[in-house]
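Just passing along the structure, written as structure tokens.
To keep things simple, chains are lettered A, B, C and D as they appear, and every chain counts its residues starting from 1.
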């Protein structure tokens, strides 16, 4: 039998707390899971610094990737299989894309991407197409197969129906992470009736639509997403940890540029600092490597690098206040001046962080971030956009919500030496 | 108000997936959680290598420690409070002991302790009594307080009732880990009615007893424990990962003793290799440090260290077969000879591993590992030992179950070069 | 000790699938649960005819009443206790009101109230104030106590804070039934973080407010309520069963008025038909009595009563189509004519049923159904109305949603004899 | 297409709180669910009087029957389908048998069967084979089909593999009721990993065996069963209600035999009292009918019938003490004498009730109640009996546990008039 259709002698299962079991029958999937690039995802947390807010959120991207695969497997094998509008030939392609869609994530992706101008999506492409174990597996299916997998993940694949299973406003990626992140954090948001949603998904021309009878389950999913964003993903304490993490990386880079004599050479960071990162360099980066350096840096001479590293490892985070950048920019520069006067470098210790989310949107062609809407299909086959049918979704559709906070180390301000100026600063709030 | 009785201005809560919320009112507890020694537990997995079998088991000892604290808090505040046989004065002591009972755990404790002859319980003592942030907090309660906390954890404290809340055959430690490990692995064992058990616990002279009406809940707990041991804790795949981990450490130590030129100096291991580990050295060890070295060692010249490190990181584990050391010791030495002939060092690649558990035992004075039995109390106040009342517990009481397995790298044996000898070896099984 | 403060020798618990345990310490509560009027609630389903749609929904009002009591108990004992704005003296009053708030419900309340012009709230008052076992218990607390309990339930009690625990847009009644009905039906709506809501409830002047930090949990609760209304409570199949039930009662009454010779005298219905229902008559009505009569009526001569009774018991419900009464009233009268021509009485077999809900509303003085809004309290003590703070709630606030359906027996229309006219009728849709 | 293979146009689902959804594709199954005999199961509680102990246990046999069907459907469609040892041709047969296996249950079966010497299994046969809607559906499949369905349920069907899916020591019936009863009562027993058990079930010659790798899941199931029996099914309060129910029926029958003038003729009981019950009579009996009569009988002249009926409806149950019939028979007759002296009829008010269970047994040919053991199959295909492989099961295998209790109305004994004799009686305990 050819490799693409090869089945395992006996189905393998992974015990999964969210989906009960993840089922694998295809040899290709099994081999992909065994590659070093995929196993590396075990050393990268799904939610970055969130574990410092919700202690249960220690789960990895490995976890999530298996989950997305399992959801797509259920859609294509249990729901779509046999339907005329579904192309059975795309089955293995979409399963592989589901499994590998987050392959390029690095440690604490959000901060690293910002500081070093990286893009995990681009690395996913490079891993799939480059000289890797993953590529070796995929290419055994067919010479074009790696490229097609990469295209599905990049949303450039010609068949948009396949793409939308993984990337749309209601896709397997989101359905997994909402439930998984809710499970591990223990919050009571993030629950919705996925069983129902799967049952009402239908392949239809170049998209995946939802039978109208399942509209309420979709509303519930949209609300879950909204709540998870504001309750978990944008939690101000998590962002505080991220602010510190970002500043550690900035500081290390700045010191390197100044030829600061690190006690131990940060060899893993060299190519990051010099922006000539190779794929092999990147694959060596995981969260244990980063945390190892933060441990080392706790003993560095440089007071800022030392202090920030300690803060991150021992969870002595910055405090925060609400901040309106539009109105309060003047206040901000006054505060900067006061910080400097107090001997505290505002570049590292006075940080504005903003979070923003658009919970759902209908299609607005030409907009910066075009979003494909969720379409309902009526019993008579008509297609209707979700927010026109649902009061609830209409109530939040297209309404961007943004939150700005100003982060600073409250403890430093209580330090003896800065007391006098501090008092004045505190009055500012 | 004195420090021991100081309450937080407002109760703090941690969202916990197992107990919903962990509640903190006491300033002492809050301060302990904030110490670097306690935060370090975030970087040590609760279940060591189990995440390579059950991908959800990525939770840390930080998680579990908060859970044990919360269970004890509920016992003393909601169940025991006001009962004449409970000494309210021991409340803070037992809360601190609950929170800190695992403080001395190092990375992958089981393997490290075996290879380097360490004892995490001894390190718990040293952290509590030594020059640490934890000690600084505890000593503010009273000069003797650190010593008392250490004694409770070491089971040498004079009041055995206090000790048994944390260390007995039905204690807060076990009640938390069974539920927590079940939650994160996703297995359906590990559930029992803790609410009910808490409600029927009673302080009674020098122990904690269970009202007879709660016997069935205790039976269920004993069964959960039994199942978790054999389904999760002693899972042969987990043990395979542990075998490899142990052999990595052995190899690194052997190379160090031979003055092998490591590409990067394993400075964090020096004092381990030379068995002159200081408390400060120990506190620097966490799983990110260990995984960092394993990554480095993937690129070492030494083929054994390199191979084993890759196996661990990329989860290419050893296979296993049942093995009876009593009967098959001869087979084992024959196999050793064959391995040597095939150029595979049996010291690293042919390993017998044994697991053994005694699910419950009544009191057998003088036995190697004395266990305090679980006592039921009847409505008339009589005390009865559990296994005499329960058919189920009696059926497994005192029956040690042991399992031996022989681990080896099946893939190596399939290697071209070893094919001929391999065939003969395979015949041995 | 006086009766009001008398505690049970040992706390009693009820195992409850929603709240785990319901705890009773107060003698008064225990005695109320034991009365025949309260035990009668076991024979009245919480969700009327819903079990014909969701087979799990067989739970009784007894169930729910204990649940509301338990929620209020937790609020007053765990959250409000000790707060200056909470009057401890109202504790027993609000507990009794919580337990008894649904006491006056009859069998399949909704239909009975409509057909016989009854009002369960009025019966709750009569039971509490009349010659009943419940009254005997309450009056032992104090002569005024029954009256106060009745006032709290009727929302006329002077202290509105007490009233709002039981009747407001976020009260213990709703919090219990949403969760309970979700649990028993098995739907995945109806979940919200009640633990969190309880923790952020605060007594404040004449109301109960929510700390702003809990706003998202409240949003989630409002959405749960919305979904439960449309997914469960207003489910068209449930309404179909209710339509039939209503028509059975109408028919029986009409026959009685015509002095139809029932095979077995419907003695339990006499006073209903003649609208001179005594309290004792009412207390004898429960769902087993009603179902008993429906069984009898399956064998009656009258074809309509017989047919409708069979339909209800054997779940041969009416089908339905969307119907817009504003536009389609003409169609309706044409259909009526056609039904008559086909020998099917449209009074019983062609029914328009409407459901309507206002998911949340701010205060609109003078409106027909004034609703007290949910108020958030900021850290600085300001009070803000929920829909001004929450995008989500604002999106649905004050927007009444109504649904009209036309019910009819599709099977009858397929009957041989009516075939020709049927065809024409079907064309109408 | 023939009726046996006819599929519904679109799959129907029932929302089920235990299995999430019950799926129906087969026209035959859909039609059976719609019969009046099957709908009647909605008016018969799954757990009889248990709702008086666990208020959540109000679920019906309709509920459970759908659940058993769904489990069997998953076994045959998801697990057995395609395996050579499974005869696909038996699929519809086993699905129908699963759905209908409890069809003959009457109201409060346990008590009715005891008092009136009925046998629900015999009525299941009569309904399937008699002149019923169920029979009309089944016979459309083939003339022999009703007989085969009846045989599978009666365990006389030739193919024992088919029988054992529904009746064995690990069958779909037990797997559903353990989980369902646990869900509705809210107890934490009754959970086991059914998903896993389903995955390891294999058709094998004339039985269904379990892959050895699933042994621990089966152990857990056996323990769940054990706990549910003693914690829920044999709960002494439930048995107290059953004792009273039994005595009501006895009393009514005795009065009838004495030609007592009932206020309302108990026409539904006539044929029961005279033991000439027809199928049609039987089908008219459901719990609403029984409860209707109990309501009537609350107003009867006969003090015993009146008192017992009130007790049952208002849950004023008998108290109980442990009782050893072997040793204490003398005490019992002394007590009887004392009761008589006090004017309390011991035939109705002094009742010994015994419960007994054998949690698991291997095969003991010739024993009164032969049980087919659970067999494990090893990877090499060997068959091993469960209790020889499992310590846990071995510990309880073949050990019958029995519990005797003496029930009596403690309140009556506290009555003024009986005080003197009471004192002496109380001394007896």
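We adopt the following convention: contacts are C-beta pairs under 8 Å (C-beta built on N, C-alpha and C of every residue); 3 or more make two chains touch, one makes a residue touch a chain.
Given the structure is predicted, the values throughout are model-derived calculations rather than measurements.
Asker: Relative to chain D, which chain's C-alpha centre is the most remote?
Answerer: Here the answer is chain A, farthest from chain D.
Asker: For the interfaces B-C and C-D, which has the higher count of C-beta pairs in contact?
Answerer: C-D
Asker: Rounded to the nearest whole Å, what is the centre-to-centre distance of chain B and chain C, using the mean of the C-alpha atoms as each centre?
Answerer: Once rounded, the distance between the two centres reads 51 Å.
Asker: Just give me the whole-number Å value for how far the CA centre of chain A lies from that of chain C.
Answerer: 44
Asker: What is the distance, in whole Å, between the centres of chain C and chain D, each centre taken as the mean of its C-alpha atoms?
Answerer: A distance of 32 Å separates the two centres.
Asker: Hunt down the residues of chain D that sit against at least two other chains at once, touch-wise.
Answerer: 20, 187
Asker: Under the touch definition given earlier, write down the residues of chain C that touch chain D in their complex.
Answerer: 14-18, 20, 34-36, 39-40, 42-43, 51, 54-56, 58-60, 62-63, 66, 183-187, 284, 286-292, 295, 310, 313-316
Asker: Across the complex, what residues on chain C touch chain B?
Answerer: 13, 20-21, 195, 199
Asker: Flag every residue of chain C that touches chain A in the complex, lowest number first.
Answerer: Residues in contact with chain A: 187-189, 191-193, 195-196, 216-217, 219-220, 223, 226-227, 230-231, 391-392, 394-396, 399, 401.
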